[in-house]
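Take a look at these structures.
Shared chain: chain A. Partners: chain B in the first complex, chain C in the second.
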Partner chain A sequence: MKVIINNIEYEGLPGETLMELAKRNKVNIPNLCHKEGFEGQGRCRLCMVEAREGNKTKIVSACVYPIHDGLEVNTDSEKIRAMRKNIILLLLLKTPNNEYIKKLAEEYDVKAPERYMDFSINENCILCGLCVKACEKMGTSAISLVNRGTGKKVSTPFDDPSKDCIGCGACAQVCPTNAITMTEANGVRTIWNKEFKMVQCSICNKHYTTEEALDFIESRLGNEEEKVCDTCRKKIISEKFKESYKNIFGQP
Partner chain B sequence: MASRKILVCCGTGCLANNSFDIYTRFLEKLKDTNTEVIPEIKATGCNGLCEKGPVVKILPDEISYFKVKAKDVDEIVSKTILKGEIIDRLLYFDTNSKKKIVSHKDASFYKHQHKIALRNIGEIDPKNIEDYKERNGFEALRKVLFEMTPDEVITEVEKSGLRGRGGAGFPTGSKWRTCSKYDNYPKYVVCNGDEGDPGAFMDRSIMEGDPNTVIEGMIICGYAINSNRGFLYIRDEYQLARENMQTAINNARKHGFLGKNILGSGFDFDLEIVRGGGAFVCGESSALMASIEGNVGEPRAKYIRSVEKGLWDKPTVLNNVETWANIPPIILNGAQWFKQIGTEKNSGTKVFSLVGKVKNTGLVEIPMGTTLRELVFDIGGGIIKDRPFKAAQTGGPSGGCIPAEYLDISLDFDNLSRIGSMMGSGGVIVMDDTTCMVELARYYMEFLSEESCGKCTTCREGINTMLNILNRITLGQGREEDIDLLISLSETIKDASLCGLGKTAPNPVMTTLKYFRDEYMEHIVDKRCPAGVCKNLTSYSIDPDTCIGCSACARKCPVNAIEGELKKPHVIHKDKCIKCGTCFTVCPSGAVKIGGGLIESYNK
Partner chain C sequence: MTIDTIDINTIIHNYRPEKRFTLAILQDIQNKFNFIPKEAIFIISDYLKVPASDIYSMATFYKALSLKPKGRHIIKVCNGTACHIRGSNTLINELTDLLNIKPGETTADGLFSVEIVNCLGACALAPVMVVDDKYFGAMTKDKVIEVINEYKEAVENGK
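Moving on, here comes the complex of A and B:
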C-alpha cells in the first residue's frame, strides 16, 4: 500500500492507521492522546492533517484514520498549522499553569490574549484519556471519563476510593501533563483518594509498588513474583547481558 | 348519515391541558345519550396546533373545536351532536382571513400543508391497529413481501429521491443499497427517535400519533437489506411515545406483522425499544449505537461508516423517525408520485416545528421548496403584534439564522446549507426586532457547551471559549479583535471536531456575524444593544417631544423609576431603572427610546 506524506512515499501495512504509519517511519504528526500499543482515540484533535482522496481534500485525525492505497497526506499546510495553534491555544486557556502545555505553546509560538488567561485556574488534565486507556490495559478499569462538556473529568466512580484500583500508578506514569497526584510517604502510596501499603525491593529496599498491584500481577500470572524494582530488574538484565557477551566474545 | 366520529386530540400538548378528561367525559356522556347512531370516540395523536388545543374534531361534519374544556362536552353533545348546531365560541379564529372557521382544514395554518409523514396523525387512535389498517396500513408491507424483491424495494426508495429527515439529508435509498451489499450477519435496522433539538417535536408526534407507520417502514427496510432485528431508540423523556410504540409493537406481533414468518412470507423481523441516554449527543449516529450497545454515548470517528460496521460492528441502517414514516406511502404510491412533490433534488415534504414570535405556532408539513415567507406569513400568520421579522433560526441549536433578505429562500437541504444554516430536524424559530442577535448566539453556545460530550478539545474547549468571548461582548467588555478570534476559532472547531455537534456548533455565531455584524459592532464599539436585551448595554429614556404624558409607563414600572405629571413629558431616573424594558413595551406613543449602556457599567 503506497501512502504519500508531504510528497514522500511510504509503504503502508494493511489495517494501519495514518498515525501508526507515520510513527513507524518517524514522520512527526503532533499529538497528545496517542501512544504506541494503544488504540487511537481521536480526542485531542492535534493530529489533524489534510488527506486527499481523488480530488477531494478532507481534514482527518491521523490517529483513527485507516490508510488506503494512493492516499496523499499533507501534515503541514497553512490551514493545518493555524488549526494546531488554535488547539494549543485552547489547551493553554484550560491549563494556563501546566509546564508541559506552556512548553508546547512556546514551541508552536502560541500566545493567548492576556485578558482571556485566567492564571487562577489550577487545572492540569487535558482529558487525553491515556490514563483511562492505561488502566483498561492493566485489566483494572478503575477510572473513567465521566460527565460531559467542560464538566468532563477523569475519576473513579463517584470520586470514591475505588475497589478496583490497585495503586499501580500506570495512569500517573502515562499522563503527559503530570495531572494525576500520586504521593508516597512512609511506605504508603496515595492515589485516587485511596491509600496503599507499599512493597520494598528485595535488592535496593526501595518502596517500588503496592501490595495490591503485586497480588494482582501474581493472580494474573499464576505464580509468585520476585520483589524487584524496575531499576534493579534492569540492572540484573544488563548484568546477564554482559555475562553472555563475555561468554560469547570473551573479555573486551 | 355515515357513522360519526369524535376525535379528541391526546397528544402531549393537549394532554397537558387535560384533554384526556374531555375524552372520558365524552364517553360517559354519550353512554346515556339517546342518539340514533352513537358516535365513535377516539383519542388521537397531535394535530400540530398545540397552542390552540385541546382540539376536538367531529367527522364527517368536519367541525373542529379549539381550546375545548371538559365542561364544554355537555354542550357539544347537546348542540352539535344532537342538533347539528355549531358552537361559535369554540371555533378557530383565522388571523389571516380574520374569520372564524368551522373546519380546521380551511384555516390558513392547515390549508398550505401537505401531509405524508403526518398523514394519519390526529385522524386515528394510535393504539388501535385496525385504525391504521383502515387507512392502508401494512398494505405497503404486504406489497413488498409478496410482489417485490429486496432489490426492487431499494430501487423504489432510491428513485423516490427520499433524503434522511434527521438532519444531514443523506439519500435513504443509497444508504440501504450500500448496507444490502455487505454479507456480514446479523444486520440491524435502527430508528433514531432521540429528538434532542429543543423545540422540535415532530418525531415525538409521529411516534405517539402514528407508531405503526414507523414499524412498517422498518420492517420494509429489514426485508430490503436482509436484516431480522431492529431497535427503536427513543428519547428518555418521551414516555407516551414509548408506551404507544410498545402497544403498536405488541399489536403488530399479534397480527403477524412482526415476529417469525411474517404474513406467511417466510421473512422474520422483530423490534425492540431502547430508552435514550438522555443527552443531546446521543442522537448522533455513532453515539446512539454506542448507547444501544450499553456503552457511554460518545461519538467515534466514522471513517468506516455504520452501513458497513454499525451496531456491534455489523452492517446497520439508521434512519430518523420521519424518514421511516415516509417509507410506506412511497412503496404504496410509487417513487414517481413522491418525486413530483417538492423540488428536483429535494423530493417530498418536510415537517417543521414553527415556534417563536409567529401568530400560529406548531407542527407543519409542507412540500420541500416552500419559501420561508410562506411558512412564516401564510402558515404562521405573520409576526405577533405585526412587528418586523428580523430573522429565523433553522436547524436547531447548531443551525444558523436567516435574515429578512432571505425570506424568499425555498426551504430545502441544499439551500439552507448554502446560506450557512441547515435543515437539522426542522426546527424554525422566528424572531422579531426585540431579539438581540449577539445574545442569541451566546445562548446557543451556552446550550452547546453543556451538550458537547467533551471528547474533543476543539468542541469542548472551543465552544466554551467562544461562549466566554460572547459573554464579555454582551456585558460590554468586547473588543474588536474578539471578532477575529471568534472567526478563527469557528474555523478550527468546524474543521477539527469529531462529530456533527462540534462541526456545526459555530453556525449560530458565524451566521449572526455574517448577517448582523453591525449589531456586534454596536455592542463592542458603541456599547449599545439595539434590541435592548443586553442589560449592561441598554438604557431607557423618554423623548419629551413624543411623550403624551399618559403615565402608562410610570404605572407599570416595577421600581417606580418614572416620574411625571399627567399630560406632561415623563422622565426615567437612571439610578433607579433596572432596565426591564416594561416602559418600552407599554408606551402607546413610542416615546421610550433605547440608548447605549451607562459608561460605568462596562469596561471594568
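Moving on, here comes the complex of A and C:
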C-alpha cells in the first residue's frame, strides 16, 4: 500500500491508521491524545491533516483515519496550519496556566487576545480521555468522563475514593498536560482522593508501586510477583542476557 | 429517605445481566425513586459486571437522570421561545417566591422540584407548565398559585 505524506512515499500496512504510519516513519504530526498501543480517539483534533481524494481534499484526523492505497496527505498546508493554530488557541484559553500547552502555543506562534485570557483559571485538563483509556486498559476502569458540557471532567464516581482504583498511576503517566495530581510521601501515594501504602523494592528499597497494584497483578497472573522496581528489573534482565550471550558466543 | 435495596434489586432483575440494559435500568430506577440513589450505581455495577465509573458517567450525562433526590411532584416550566415571549419568566419568578426555591432545587418538605425546560412541544398552549404528567396551558401568575394550592391540598388530604 503506497501512501504519500508531504510528497514522500511510504509503504503502509493493512489496517493501519495514518498516525500509526506517520509515527512508524518518524513523520511528525502534532497530537495530544494519541499514544502508541492505544487506538486513536480523535478527541484533541490537533492531528488534523489534509487528505487528497480525487480532485478534492478533505480535513481528517490522522489518528482515526484508516489509510488506503494511493492516499496523498499534506500535514502542513496553509489551511492545516491555520486550523491547528485555532485549536491550540482554544486549548490555551481553557488551560492558560498549563506549562505544556503554553509551550505548544509558543511553538506554533499562537497568542490569545489579552481580553480573553483569564489567568485565574487553574485548569490543566484538556479532556482528551487518555487517562480513562489507560485505566480501562489496566482493567480497573476506576475513572471516567462525567457530567457534560462545561461541567465535564474526569473523576471517580461521586469524587469518592474508588474501590476499583489500585493507585497504579497509569492515568497520571499518560496525561499529556500533567493534569492528574499524584503525590508520594513517606511511602504513601495519594491519587484520586485515595491513599495507598507503597511497596519497597527488595533490592534498592525504593518505594515503587502500591500494595493494591501488586495484588491486582498477582491476581491476574495467578502467581506471586517478585518485589522488584523497574530499574532493578532491567538490571536483572540485562545480566541474564549477558549470561546467555556468553553461552552462545563465548567470552566477549 | 431510606432506600430499599430490595426495591433496586427487584428492578434490576427485570433485565438480563447485559451491558446494553444499563440505561433502561437507570430509567426504571429514576421512575421508582425520582432519582438515582448512590447505592443503585454500585448494585447495577455488580449485577451487569460493568465498572461503576461507566454507570456514573452515564447517570451524570443524561438530563433525564438525577443523582439528587427530587420532590414528590416535579414542576416543569417551559422557557422555549414561544413560552418565553408569552411570559414564562413571570411563572418562574412566581414559583421561586411561592416555594422559596430556585429552579433545579427541591423544597425542604420534599414536595416540589422546579425545573426549567427548553421546549415541551406545546407552543400553542404557551406559556406552559407541567406538573408530573399533567399539562397546564396559558398560565398566569394567579393560575400558578391555584395549581400549587391544589397539589398542596391533595397532599394534606392524604392523597
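The rule is simple: the second predicted complex is superposed on the first by the 238 of 252 C-alpha atoms of A that agree within 3 Å, B and C clash if a C-alpha of one lies under 4 Å from a C-alpha of the other, contacts with A are read in each partner's own complex, and residues count from 1 in each chain.
As a working rule, contacts are C-beta pairs under 8 Å (C-beta built on N, C-alpha and C of every residue); 3 or more make two chains touch, one makes a residue touch a chain.
Because the structure is a prediction, the values reported are computed rather than measured.
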*Please work out whether A:147 is in contact with chain B alone, chain C alone, both, or neither, and reply first, second, both or neither.*
both
*Identify the partner contact of A:82: answer first if only chain B is touched, second if only chain C is, both if each is, neither if none is.*
first
_Between chain B and chain C, whom does A:48 touch in the aligned arrangement: first, second, both, or neither?_
first
*For A:200, select first, second, both or neither according to whether it touches chain B, chain C, the two together, or no partner.*
neither
_Is A:158 touching anything from chain B or chain C once the two structures are fitted on A? First, second, both or neither._
second
*asked:* A:190 in the overlay: touching chain B, chain C, both, or neither? Say first, second, both or neither.
replied: neither
*Among the partners chain B and chain C, which is in contact with a greater number of residues of chain A?*
B
*State whether A:64 touches chain B only (first), chain C only (second), both chains, or neither.*
first
*With the two complexes superposed on chain A, say which partner A:97 touches: chain B (first), chain C (second), both, or neither.*
neither
*Identify the overlap between the chain B-contacting and the chain C-contacting residues of chain A.*
144-145, 147-148
*Partner chain C, residues of chain A touching it in the complex*: 135, 140-148, 156-158, 162, 164
_Parts of chain B lying in touch with chain A, wherever the complex brings them together_ = 279, 281, 296, 300-301, 303-304, 449-458, 460-462, 464-465, 468-469, 481, 485, 488-489, 491-492, 495-498
_Complex contact set, residues of chain A against chain B_ = 42-46, 48, 59-61, 64-66, 79, 82-83, 86-87, 90-91, 93-94, 113, 116, 126-127, 144-145, 147-152
*Okay, in this complex, where on chain C does chain A touch?*
38, 41, 51-57, 60-61, 67
